[in-house]
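Look at the two complexes coming up: chain A is in both, with chain B in one and chain C in the other.
Right after this comes the complex of A and B.
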């Protein structure tokens, strides 16, 4: 683990170091954006609106959980296939439950198995065959997209069960829908997994120095395969929730999560080189990203202008995070 | 020649692949051509080859574009959106300026300049501001797509007749696309001999070492992105000739294919090792896989799946073969 994960204790710089922590930056930006949104269109920061934002952020955040794990594991870890898995899970879940609450449990099982299976293939390709993760998961994305066409042709696409839709949209406990609780639970589980278990420490170990971790007896390959499997499972869960959110699935519904899940991780302070960072920041990153998109939809500019502002703002935001060090002789 | 090479010992093959990293790709290409010929003899005709090249010339150009950033260990996920932006800009300009021969040439020049500008923006953002290439170029791709949508909000404006009849036509009995291929081949041969290519590979191989030996690392990486932008613009000109219309989202799907083509061509995504020749072959491999899946009579709903699987297998085979030979 790297030292700059801890706040620096050196005198007056402590406050500055604290303010530079990615999580703090993201939280400050979130509050700022909420204020800007409220100023641009009153009612933007109302509880109902914030809740709607959080549901959308939860969908992205759950995908980003798996992405976060794969990236933490280092060796250019990245998972481009998550978009395909989200779409596939949404379709499969829809077909399995087809509008009936009794089908929810089988759908969950099918999604987890399928997500885990594709994650396993990714992981095996990356570890045993030593294919770079970007290439392996990019190829897998192509396979998944082809599979989507096959499934779509064979079977009419199913609908979400009312129970699943209620879980995603209707208040469940303390006024929050089930998906928010699920996301919080995932957040806690990730924090526990990464900070309190041997597995978590091993993830950081292989992410920061794979060779050293291997020498120290860490089962590098097993862990990396597990990370890719988890990524597949998280993407599949998100795909199911997405089905609950939209009612029925449509073509390539998951594609919108592929690169944004990576952006959420980066905005949350986990560099793509791996080995440091964590999921709490990623959650803030997901909220930040969704908030930004939402503000741009409230402002009255056309789609084209919105995209330009979004792209430019993303570049500006990234300037706050993990810039590479300048070259020095 | 490739057969003779495989019969020598691994050391010899290893040397050969180090010198010509695109050799495994070339073998896959020849195999695919043979398979295509077996399943559909007419696919090897001059006419079909011309069709294949005019369809995939754009992807070939974009793969070359991607190669120049991959050389120095970077990546450009905005390459496809640059294609879209240049495509719609050229279409709109040609329409505004009347669509005669002169306006076509002027619009193409402006298109090339737009590509250069986009590349420069990417270079400054990634190398100058030291952001992570994958996420930063994804952000600029959103920006470029927004620009493209501003220029032409919906697909459909047709290209002037002079443009696509030239692209699909013949000069002295030889299809125009072959002249384009020859011109690019000469350009690439010159670029390959330039010091800049070696410098890019040096930066990709070991950035710190390149810096310490006095190379202007940032400037070299920016130049890589500028080259990428220029070739993406050329890809846009090709796609404009092929589709004969403007579409603000035409390039979106091409980005990841261009990355796949670079890898298929034997270049290392980590940088420091690769050739543009390989990427050209890689793009053709993707084209031939798509054609072959069609020719063997795959049911239409299975075609995308089989294509995806075949490309994944080709990617894996390419990486395993070149690593095995290099080890």
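Right after this comes the complex of A and C.
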């Protein structure tokens, strides 16, 4: 028995050490994928191309920030409605600004309020009505999709203001567009929120053991509602940026963000069970995922194929982290 | 006809010996009472007979022949049926299905025979129908039943096995008078049929009304076995306690000079699992809650802490009404609560030691920013005072031993000192050294003027550390022991007498 156990044990330890630093793994994979991309299609890793990838990653990363918070809060926390909120925000912003720079500020306000409102409903459903997050946010996604049909009545409407488009695609400072700076700012804010505020400590507390947190006086429900609200707000901000990126909105433009936002969080080392992890890893996860998507496009795998790869990636990650946990125990 | 003899049964879990020498001689046609205090080994002995626990040593004889019972199936094949203390019902299935769960009638190899199921269960249910109360029927799912009705289903399940030997581990704890009487009538009939029954109960009146023989277990060993007719309640309690310890009051810990000024006053508190509870805890006093496990002690503490609702009565802290509706509110009023169930109520699993110590400080100071460096300095004092062993305040709390984890949980209450400390069986599952550290700390906290309420399921711990003891029985305080009266004998007497 001992002779059999030895090699598998050392293998397990190596895998464990590997799994312990998801950020390192993600960064190594990013470099690797860039190399593969460059080999498959020269010019893939050129500065301009990398910058374009980063803009797409920033859009995903902003959605994933909210997803990250909800997942950290535990109790099967997940927000499947982010895609719907992204779409809704893109349409609302497009209609509010309708191509005029003067409409940018009102659009921001509308997006934040609407995103926060839908997040609030999610949070209330999950805490006060005790609906499982998966069911609550999936239901909300359905409601949002219906709402989109009603609002648009099938006709595309609304355009991005030039100022917003410039913010997303044109260099702003040090050759980087505003959205990259915004993403970095969100990264810093998330790190501060999670590591330097009582709110952050409490998020980890309810994520690791809700009952114990409650017994230690943590306002569990308030925190959880706040997490869902933040998720709605982040999704709405991303939706507005997405409008700037594509110029005009189209139906279900945000749908593509639901699964990737979850995968980015898990890739970055925050387990779906919550209570540990952070946003730095999620940022790397978002870049990694966008890279993967881009490579798949380069080798002519269509949308259906990409979705399959994403789904398989999530399952593989679950298996990998599940095994790492079992080995620890 | 079945005669069951257990000789020298022994079972240890690691270093803890649950049963050191279990003897039992069960004859056909008798109700054999098994009695002993919390954790004396009764349940372990029953589980060995039922095949759910494998003994390390000893032998089991059935009708004079040695047998090995290596699983619940084997026990059933040998004709042994058991009622488990921890209810083992399938919540979403019906009463009828639960009753016949161990032996579903089957037709055609795989299909449940519904007609047979209904006929057989109808007979068993009919015996209890008039005492079962409202909403009890064969086709009701178990999760819709009250606690006493669920216990009846568990009894019916044991009866349905038709086994010649039946073991009932505390079958009457949730039943009302009429239900107990009906159950006893059935037991008497089964006796006539020549069946042998083991009966565990903590109610002396029941034991003397239904039992034929009584076997006493103390500290994991069978110490006496006698005919009920030849003994009495006092003698049984004496045997449970042991002659030596029976009458000596525990050496009283240094008495606090002024156990005067009331810190916590509770009057006529009512809630789920307790009623009419009144007491005061004085400044510098350690008030003990005693009695059998689960008699309302824990519920009272949780109600004061705002973690459990109470529907009548008053709670005053320092003479100021304080009916906390949440732990957060209780904490702001200076109340602290330490649960023995660390895994559920205490540790933030997977999080660093530091984060496990800070939540109370955040709440009481209404902080918004967290500076890890400053917090570590704050946390260090209480952790050191408790002699907590750890390498790094950033290491996950679950990398520590059970005793050290509990010290971390207690440390969170010591940065900003509470006025009242509620301890709910705080030493459950922790080592002796850690226990002694804890009680030293608790005594010194009392000396500094804190009011402390301590519930412990270990009688020795309670007798050694509490200045006064309230004995709980079926949710009511039945006796107060102080001074010379704080003896193990008195404690058991109050705990075991019918409430």
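In the analysis below, the second predicted complex is superposed on the first by the 277 of 329 C-alpha atoms of A that agree within 3 Å, B and C clash if a C-alpha of one lies under 4 Å from a C-alpha of the other, contacts with A are read in each partner's own complex, and residues count from 1 in each chain.
We take it that a contact is a pair of C-beta atoms (placed from the backbone, for glycine too) under 8 Å apart; a residue touches a chain by one contact, two chains touch by 3 or more.
Note that the structure is predicted; figures quoted are calculated from it, not measured.
Enquirer: Could you say whether A:276 touches chain B, chain C, both of them, or neither, answering first, second, both or neither?
Expert: A:276 sits against chain C, while chain B stays out of touch.
Enquirer: Output check: A:47 vs chain B and chain C. Expected answer is one of first, second, both, neither. What do you get?
Expert: neither
Enquirer: Go through the superposed model and pick first if A:214 touches only chain B, second if only chain C, both, or neither.
Expert: Second partner only.
Enquirer: Mind working out whether A:201 is in touch with chain B, chain C, both or neither, as first, second, both or neither?
Expert: second
Enquirer: Let me test your reading of the model: by the given contact rule, A:262 touches which partner, first (chain B), second (chain C), both or neither?
Expert: First partner only, chain B.
Enquirer: Can A:175 be said to touch chain B (first), chain C (second), both, or neither?
Expert: neither
Enquirer: Going by the touch definition up top, name the partner, chain B or chain C, that contacts more of chain A.
Expert: Chain A has more residues touched by B than by the other partner.
Enquirer: Output check: A:318 vs chain B and chain C. Expected answer is one of first, second, both, neither. What do you get?
Expert: The answer is first: A:318 touches chain B but not chain C.
Enquirer: Can you list the chain C residues touching chain A in their complex?
Expert: Residue positions touching the partner: 305, 307, 326-328, 331-332, 337, 339, 344-351, 355, 358-360, 362-363, 367-372, 412.
Enquirer: Using the touch definition from the top, list the residues of chain B that touch chain A in their complex.
Expert: So the residues of chain B in touch with chain A come to 75, 77, 125, 129-132, 134-136, 138-150, 153, 207-208, 211-212, 217-218, 256, 259-260, 263, 269-270, 301-309, 311-312, 315-316, 319-320, 323.
Enquirer: Within their complex, state which residues of chain A touch chain C.
Expert: Interface residues on the chain A side: 195-202, 204-205, 208-209, 211-219, 275-276.
Enquirer: Could you list, by residue number, the parts of chain A that touch chain B in their complex?
Expert: 76, 78, 80, 125, 129-132, 134-136, 138-147, 149-150, 152-154, 259, 262-263, 266, 271-272, 302-312, 314-315, 318-319, 322-327, 329
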